[in-house]
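Each in structure tokens, the structures are laid out below.
Each of the next two complexes has chain A plus one more chain, namely chain B in the first and chain C in the second.
== the complex of A and B ==
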């Protein structure tokens, strides 16, 4: 208790002696957040975390009605939407929050990229962040199949086929992911297990590391702000920053509630493996730029199948993104690094342009 | 010289470390091998049927239409051309395995996933598909349509 300004009650003292509350309190009181013109970007990580917590809560609720088999999955979701009170709302929130979460995750990623927050000593924070992006997209991909509707069925067919295109290990990975040679009920069971057990476990581990590192290093001050010099301004994390965080979370919740209520998630037709792929088939929007790229590639590029070029290309792109802290030597030395700013902007523009084209194309051409 | 040979002699600590290390590796192998094998799905017997009799009457298939049917455990497509000829192909797009469909407005086969086009010989004519669709042989016996794998 020594050092703490105001006296605490007996319960606090009892807990402090057993858990060490005073150290925690010291830590929280010491935590400060830099204030500058880019401070607003600090809120995106917390907002992503908030939306993830909504996913955990609504996901658990959905588990109580969902049945993971090809025979029952579609019907159980139908029952949930039509019969269970507020079932449509819980499912809509789960679906919308997943989209918003990936959205805030991308903004968080790109703000970190453009503000060069990945520079030493925060390389591992960046690596764990990219890991969380991968886990987040895995959540989206596996979750998309679970209602077992037509769109999801074919999106998964294409998605797992793309895994099969990866040189050498592809066919094996594709089979492992599908639980067989085709997308069947076995795939659904596998995706379910991955969605509700494997990925949450991975998220807990990687997110734990990510948050620990954020606490350890504190918020990164952008190099531009550092170079400009001047007096360093900060605010206390508690309560100043946390209260601002809360405003952001409440805004996100309001947007989420409005989207879920006015645009409830649809279910569509039940998957039929012996029906043609539906016209206007689309993946989740955050896979759209890749989907659209595959659509544009000709069947052969320099004698190699176009899809292999595309898949290997995106793999290399992902690897470059992962390794940016180690590639950007100028930022690591504390010098301005225009090249990597432009790389970041190019990635953003490419994704926006291809996503736009994907949503404006005429489906039957 | 004598000291050097002494150094190279196995020490008790070295032996124990080696022993523990190999035990740990053996333990991990004995855990991950069964788990790895468990995760690989067992092979399901492929349908070896080389011939399928369709649940359709020949006269019910109108010109300029196409229909998906089951060929073993994979989808196939039956097309009657505007000239009245019946043709059958695997309906699995050679690009990324979506199921193709017949487009009466274009008069050929089309895949909705990535906009792949195939002509009525199954040849890939536009879009990303790298190979033609596998053709099947169609025989009409009386009113029955019999599709078989090309010999």
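== the complex of A and C ==
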């Protein structure tokens, strides 16, 4: 294409008169992506979006069979896995893509953090990105319970109990999430509603804002590259960048297919609220670092319950992460900001170390 | 004559039971404890110390309920025989003292309406009771030997000497002591053998308190060895299906004629091991081989029954293994695994049917089990085929995806080369 005006067909002309395709085409042709040694990180956002689209598509297919009640949820998933043609594939892809999506979301977050892409004027893009991370983890937390199996049931029990520890509003939040004092069928229905209606609505709003801002501000060139004289080259978004994106997406699809075929998501035993908690219950991997931290904390720290300190600590940590664009004044002024680079590296190392310990240390109740 | 003696003996106990301690529960605080604790003599102090946790103490009874006397008196006058004081009851007296309340249904109803009131009557039928009555045997157990006076607790209390986990020790205290039992010329290895049994393992390892211990087979207050002809009835309390099959089997009659006990002939009595398929047939560990040989009809039936059981066991294991393999590979086979439980049930039923000692009875159970196993195995095979299909499908998908990726990469290079030749404005 290369920006040259090509004659379009009658349909295009018809649509252009009604929708304004020419303006859109102009916009897309004008869009360019800087090329430099950190360009590779630009693909992570698109990859996350692609995986999210897979989630939407497979999620809709799962909805055709899933029945959100304590009596039928497990059986409906079992039926889907055993009897429905390619049901196993759809569920496995939904499950694996959710994990990959959170993974790419984290990498996207940390690349943005370390490349200081949050600096003005992209503070709101950062805020909406953190919002999407929260929504993504909410999807994971609520979706984990939906098959109503033993592990998910007890992990949710522990997860909602931790929510109950939050000072002042904790007990209320815990009851609100569970729909009562215990994890029951009411919790399942509630999580289902949140998973398929509330969170998608939030995602649509926040993702819309996020994409609009990315479009508005373009790709951020890292301060280091800028200081060295800026990106020497650019490439067209369409088709050059999009084709490269496509390679990444297709690779992700291939990985997903392999994972789904070789490691189909297990269903396990049906949840039994009266059974003792099985040994080795654990949350999804992306909650593991928090779960493990809470386990390591002593019962009391300075007279306050260790768990409360942990939960409040993570809350404060989340707040600091959210407000980084406003705290990192040096980057905002265009000066090097080693402190926040090291903070970013410390967060990454902490998460990796605690997650590793969570999976390698002896399973506990 | 023996019946008359028993009646007379019961009458004696009955007469002693007449002045039932109707006001026992309203006794006042006693002075007995004060003196007994002060003497410094452990023999006198210990009963008082122990009595604090006794069920009778908890229900409001005091020393005089059993020992008589008058607790209102402060000194030795309390122990005036004229006031009914009997001191430490003699061996025979123990039955009268306990029976005075425990044989009185109206009285016991106030404390534990569900508790039986025939302990003394039952005791009269026990070997212990008979020896005490007929020979005045000073070594036989009476109430206090199993229910230690002053620290009696209900059987449901884990500290009680008659809690299911403690019964064997309580009986074994005498029956496992060769010196104590020397005069009776009966074996003293019952406790050691019982400790090797499947029943004790169930109780002590698996915590199944309903598993049998001494009193479940011998009776408790009426303890006696089960007679040859009624051993089957005793085992049949729990093993009902096996007992029913055995009752109708040719062995029931033959064993009775031979004067050997039903179940215990093959399974032994105290040292009952977990029954395995190896006990059936004519091989080394088979108990059938003790009487039968390959040439006789019984030996052939034993071998045939074993073959049927082995066949179902083998098919069940085969189906289970393939379903497990499919499950581990990530296939959803839980329904097939559930259905396979039917074959397991059939195997259990077939093993029970062995006690009919008829090939047809075993075959009736194994045939449906074999059908279920075959269906489950076929589903396992299908699941593994499906797995292969998935993997092939994956390989094809991957080839297509990789081809598309390669095409895109080529296109990207073309674009890059083109742009290098014509730099964008």
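The definition used in the following text is that the second predicted complex is superposed on the first by the 357 of 365 C-alpha atoms of A that agree within 3 Å, B and C clash if a C-alpha of one lies under 4 Å from a C-alpha of the other, contacts with A are read in each partner's own complex, and residues count from 1 in each chain.
Keep in mind that, in the parts below, a contact is a pair of C-beta atoms (placed from the backbone, for glycine too) under 8 Å apart; a residue touches a chain by one contact, two chains touch by 3 or more.
Just so it is clear, the structure is predicted and the values come from calculations on it, not from any experiment.
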Which of the two partners, first being chain B and second being chain C, lies in contact with A:276: first, second, both, or neither?
first
Under the stated touch criterion, which partner chain does A:179 make contact with: chain B (first), chain C (second), both, or neither?
first
Classify the contacts of A:99 with the two partner chains as first (chain B alone), second (chain C alone), both, or neither.
neither
Contact breadth on chain A, by residue count: chain C or chain B
B
I'd like to know which partner A:294 touches here: chain B for first, chain C for second, both or neither.
first
Intersection of chain A interface sets (partners chain B, chain C):
none
Contact set on chain A toward chain B in their complex
154, 157-158, 161-162, 165, 175-176, 178-182, 186, 273-281, 291, 294-295, 297-300, 305-307, 363-365
The residues of chain B that touch chain A in their complex are 39-41, 44, 68-70, 73-75, 91, 93, 95-101, 103, 111-115, 124, 127-130
Inside the complex, what are the residues of chain A that reach chain C?
2-3, 78, 81-82, 88-89, 235-236, 239-240, 243-244, 246-247, 250-251, 253-254, 257-258, 261-264, 266-267
Partner chain A, residues of chain C touching it in the complex:
330-335, 390-391, 393-394, 397-398, 401-402, 404-405, 408-409, 411-412, 415-416, 418-419, 422, 424
